[in-house]
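Paired with chain B in one complex and with chain C in the other, chain A is shared by the two complexes that follow.
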Partner chain A sequence: MTGQRRGAGLLGIAAMMVLWEGVGRAFEGAFLIAGPSDILVYLGANLGLMVRALGETLGNAALGFVAGNLAAIALAVLAQLWPPSRSSVSGLALIVFCLPLVATGPILRILYGPGPGPQITLAALAVYYTTLVPLLVGLRAAPASWFDLVRSYGRGPLTELVHVRAWATLPYLFAGLQIAAPAAFLGAMVGEFTGAERGMGVLTIRAIRALDVDATWTIATIAALVSILAYSGLGAIARRVLLEKPAVILSAPVSTGRRRGPWHAAARLALLLGLTIGLWWAALELADLPSFFAKRPDDVWRAFVTAPDASATRATMASALAGTALFVVPGYLAGLALGAALAILFLLVPAAAAVGMPVAVALRSVPIVTTAPLLVLALGRGATGTITLVAVMVFFPTFVACLHGLRQAPGQILDVFDTYAAGRLARLVHVHVPAMLPAFFAAARMAVPASILAVTVVEWLATGRGVGALMALSASLSDYDMLWGAVVVVSGLSILGYAAISAVERRILSVYAAEQLGA
Partner chain B sequence: MAADPDRTDPPSVVCDDLSKRFAEGTDVLRGVDLTLAAGRTTAFVGPSGCGKSTLLRLIAGLETPSGGRVEIGGAPPSETLKRAGLAMAFQDPSLLPWRTVRGNIELALKLARKPADRTAIDDLIALVGLGGFDEVRPAALSGGMRQRAAIARAMVTRPGLLLLDEPFGAVDELTRRQLAEDLPRLWEARATTTILVTHSVQEAVMLSDRVIVFSSRPARIVGDVAIDLDRPRPASRVSDPDFVALATQVSEALARGMAGPQDRLAAQ
Partner chain C sequence: MTRRGILDRRSVLKGGAAGLCGISAVGIMRPAYGQTNVNMQLSWLHSVQFAGSYIAQDRGWWDEAGLSVSLQQGGPNAPVEPPVVSGTALVGISAADYTASAVEEGAPFKILAVAMQKNPFVIASLPDNPVNAPGDLVGKRIGMALANTPVLQALCTLNDVDIDAITIVPTQYSAAPLVNGEVDCLLCWETDLPVAMAVRGIDSVTMLLADHGYAVHSQTYIATEDSLANRRDELVALLGGEVRGWDAYRGDTDAAARLTVERFPDAGLDLETQRLQAARQVPLMFSELTDEFGFGWWTDAAVEENIETLALLGRDVSPDLWDRSILEEVHGG
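Right after this comes the complex of A and B.
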């Protein structure tokens, strides 16, 4: 970064602080906002408490970070060394990624009992996918002749892995780790929401219950700072270790393989479904968990399909889902639209980008969900707060992805436009926007589970409506059929949403960016 | 010179009715019959895209033939691969960007399960004119320097069969001449069967004992010129009448093998 740009960035951040303090003072009493000075005061008075809680959460997040990333690396290596496993590995990974943490948390809590188990597991679940996806790409991102070199000495896939793939994938690994660091902190905090004894998540719950504005803001600020530090720290390490910049891969590219017809796809889907159900069953059986709370697939089937009260159960679920959809759909669409629009604005007005970019990059690493309590405090428990939170959750990754995509526009093509003296609009429509589309869709896909996470967290912590609240209620009433059913239904819907976006993506990219779909 | 215990005799190479057609239906080679004597240097020349690289890859066992077979020293290429008995310098230098020049050369020894030999590496780095660049990473080298590093890497394992795919493409004229003098000496001293793909007729005649000329795709052999010039061949040789005669013979064969307007040119 040049000195000038760094200066502009610092200016942007300073301006934001002043604005924040000003807003906090101006609306004292009207909105529940604590400014930087309030936070410092609170922190001074409760330093010991905060440090202990932060230590606890950081410890859990770190363990989850390590476990989740090791799992991702192991899965990626398995998929690489044993290609038939590839589609199952990525499919199962997506399913696990779509599990609603809000319901998984309480389930893990009953499975583990007291202790840090659920927090660590949720942190691991929150990170492994964002590492796995770049790894699956990175392990194959080397020119064929490097593998020919290895083969020309009579060596096989294992040597390829050690001497070529492992190295070639480092930029991708770091890209994943960088995104994973804040995500681990978020996972640990959500885990602590579910009845932990210590940690930042526990303090959050207490502060919200007590409507303690200063405490809520202080916790969210600390969480944000930790995330920014972790994100930029890993970025700094990456710059030292790598010869090139970390790759930017936000999501698995849409499948580019040969089309093998609907039967092949159906068979793969059936295999995946069978695997999921089999693993679910086997895990619970092997752990010998009582079916009172560890529901098997057939328990859920019974509760939702064959039991006498199944239709009542389904109705409860449906009305909760309808309530949630009311918030999540507008928030999701607004977040996508704003993200793309602001990215385009930054492209057209470079001065805005110089000031706004560092703020956006800093905020993007903030696990937005940890700030959910703030938005609820500030905007109330109604629709506005929830929709805003979902939109914000979707906005940042979309914005950063689109910005990155816009910059991908090849310079030579722009030169061609320059030679025709084409205007900004023509360049935007014909060059930049098509270049942005793949990144936009990648972000849109990843934002599906993210927005469901956001909406369920708010519903659970604050609004008491929708499927998030249903999960919380079922957990506290020990209605485990409903809780497990909610996991199945919500992840199923997440995956459907993800698949629907992939389908749209494939159609649009085949028109606007055919080369991005690969050979 | 001390006998190298790892080293087997240089193998002969036989292509028997060799064909290659890619999955997309591109017919690249059709019925190539070829026997290359052990310990000799052969140059392949032919129009761009005719299938020279493909033939080299088939010989190296990196590609499976659609018809016919390849034998190296009387056995399929996989046997040679197992012993790390061959080495190839690829058309694209394919240096690993995270390894230095020395690191890339050392990697070949590691892949061939041979002990790292510092002085041998130093000698080769000096031979290809990269002295002082041994700790530099490929990104900081010019295209020609990268190619020379790739040549050194291919030679460091002392393979019985050495395959060089346009190894001097980006090397400047002076260095090229120097290499054309130094490399054959080493191949002879080490008794190596060498196959060299090149677009330069002069280079082919200068370096080899035999030049095979291919037609445009699908490649057939349209010329087979024995180069019976004695060695060493100093750069000044190029203007000698016997050299010129051989070079003309190769050029004519090349023109015969070209499709399209050149066909008519050659016929006149």
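Right after this comes the complex of A and C.
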């Protein structure tokens, strides 16, 4: 960072602090927001408590971060070395990522007993998918000539992986890790809702009930600071590791759609369905969980199809889904547009990045339970508030992925543009944006389950409507058939959304990044 | 439920859990020689709400009875029923409405004792715009979780109030919407949000639903029929400790609050809040009835009232959901 940019950044942050303090003072007595001075006072009085809670949550988040990302790398390598597994791996990974906390939390608590097990697992579940998707893209982001070189030495896929793909995927891995850092911390915090004894999540629940705004905002600020530090730390490592300018990836456009018939797609879908049902059933049987709360596929089938009250059950589900769809679709689109637009803005106006970056990370990492009441007050309890919250959750992964994608603009081509003294806009349209497309579509795909998770969490904790609220209500009334049914429907819709995005993606990437397609 | 037995799952589950998470599993099984280890699943985060249990543990009353009790904290995503069904917890703290719906879904639960004779739900409002009686709700905006709509509906039915004349605003469980004027009143517990307001210097008015016909036993001790048949001694010892603990609690609620705060230094508990809460839950838990028959007792008439209110909530319950045999043994012996 140049001195000038750093100066602009510091100035911007200082201005924001003043603004924040002003808003805090203005709303004193409304119990909605605490300013920086309130936070410092609270921190001074409760330092020991905060440090112990932070240590607990941070430790669990770190373990989950490592476990989740290792799992993502292992899955990506498996999918690359054994191409037939690719669609099943990404499909199953998507389904597992879609499993709502309301359903998994209590089951994890029973499997692990007291202790940090559920927190670590939920942190890992919150991160592995957003690393896996960019990795799968990155493993293909290498020029065909490099693979020709490997083959000309008579080497196979393993050498390709170690010497070409591993290096090509590094920028994408770092994007994944940066997205994962705030998610791991939030995952560990929400994991504490399953009955953990201590940690930042436990303190948040307590503070909100106790009308302790200073405590709530101190916790949120610490969570945001931790995430910003982890994000910038990973960014610094990335800048040290990724020294080479991105290579030019030339690949011939491939035709889409006609290569394989509809039977192929149907067979893949059937395989995924079979695997899912098999694994679902086997996992519950192996863990030997009572069917009172751990419903098997046949239980759900009975409740939604053959039971006498099945049509009433389906109607309840349908009306909840309709309510959720109203929020999730606009929120998803808004978040996607915002993420890509902000990444492009930061490329064009580097000074904006110095101020905007911490805000962007903070927005993602502040627990939704803290910001929701404020947003609701500002935007009302109607659709706008919920849509905004969904957009906030979607925008961050999109933004980070696009930022990394924009940097994949090949150095040689930029050099050519420089020779012709082309302006920033021309470079953007002709070089950066096409280079960003694979990352953007990866983000658009990951954002499908992310937006659904976001909307269900908002509905569960804040608005009390839609599928998220239905799931929470079902759990409290022990209506586990409904809960598991909701899980199935939500996962199914995520897969459909994902497939729709993939179809658009194939059409566009067949022109701009054909190396991403093919078997 | 009928398809799979759950009687012999305990050992398997503990083995699985120990394998998955060795370190923490060691924590539960404190090696007290000759002691039986049992878990009790609490319904919420540690607080003075469960102080009777902390007193029993602190003074060694369970140890005397050959029981080593581990108290598992609850939370927003920690329902009580699954650990009790799966056998990881011998006893859970629930409420008659939740227990009734679990039983409808096939859980073999019985209510063994009732800590809160009076349901703790209140309508909380501010003194300059108070709700003193159900009729005052007409024309008001009430902040509550939509999931609790059946509770409000039951209150309205019991008191001939038109629920359509009340505006329901779905809110988070916090007093903030009332304090900043978004709503006129809240549906909450007598012992939490009003206490939070009092600690911040905000006076509030509370109308206890139990005083207007809403009869639903709360903070009930539940166990499975299997435990009731095969683990009676452990249940008697567990509830025996509870009864002694809660009697001591009633004798000095300030001491109970202090013990709670000291026991959980990482829980972020505030002593003043805990003291107020401890005092406020006494009238819900103790009455002439418990003076005469002991802590946790209930009458057949109370069961009838509960069944009527539960029917308004859409729950079809039979009187044998309540089982007094363990409590009789505790108070008889």
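The definition used in the following text is that the second predicted complex is superposed on the first by the 330 of 519 C-alpha atoms of A that agree within 3 Å, B and C clash if a C-alpha of one lies under 4 Å from a C-alpha of the other, contacts with A are read in each partner's own complex, and residues count from 1 in each chain.
Basically, a contact is a pair of C-beta atoms (placed from the backbone, for glycine too) under 8 Å apart; a residue touches a chain by one contact, two chains touch by 3 or more.
The model shown is predicted, which means the values in this text are computed figures rather than measured ones.
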Applying the touch criterion given at the start, work out whether A:R151 contacts chain B, chain C, both or neither, answering first, second, both or neither. first
Once chain A of both complexes is superposed, is A:T159 in touch with chain B (first), chain C (second), both, or neither? first
Between chain B (first) and chain C (second), which does A:A71 come into contact with in this model arrangement: first, second, both, or neither? neither
Chain B or chain C, by number of chain A residues touched: C
Which partner chains sit in contact with A:A34 here, chain B, chain C, both or neither? Use first/second/both/neither. neither
Per the contact definition in the header, classify A:L125: touching chain B only (first), chain C only (second), both, or neither. neither
Pick one for A:S478: touches chain B only (first), chain C only (second), both, or neither. second
After lining up the shared chain so the two structures overlap, which partner does A:P114 touch, if you call chain B first and chain C second: first, second, both or neither? second
Which part of chain B faces chain A closely enough to touch in the complex? 57, 60, 62, 80-84, 86-88, 90, 92, 94, 96-98, 107-108, 110-112, 137, 139, 157
Give the list of chain C residues in touch with chain A in this complex. 1, 3-4, 6, 9, 12-14, 16-18, 20-21, 23-25, 27-28, 45-46, 70, 72-79, 81-83, 85-86, 88, 98, 101-102, 104-107, 145-147, 169-177, 179-180, 182, 192-193, 196-197, 199-200, 264-270, 273
Can you check the complex and tell me which residues of chain A touch chain B? 143, 145-146, 148-155, 159, 163-164, 167, 170, 243-244
Which of the residues in chain A end up touching chain C in this complex? 29-32, 46, 49, 52-53, 56, 101-102, 105-107, 109-117, 190, 192-198, 202-203, 205-213, 215, 287-293, 369, 372-373, 377, 381, 461-465, 469, 472-473, 475-481
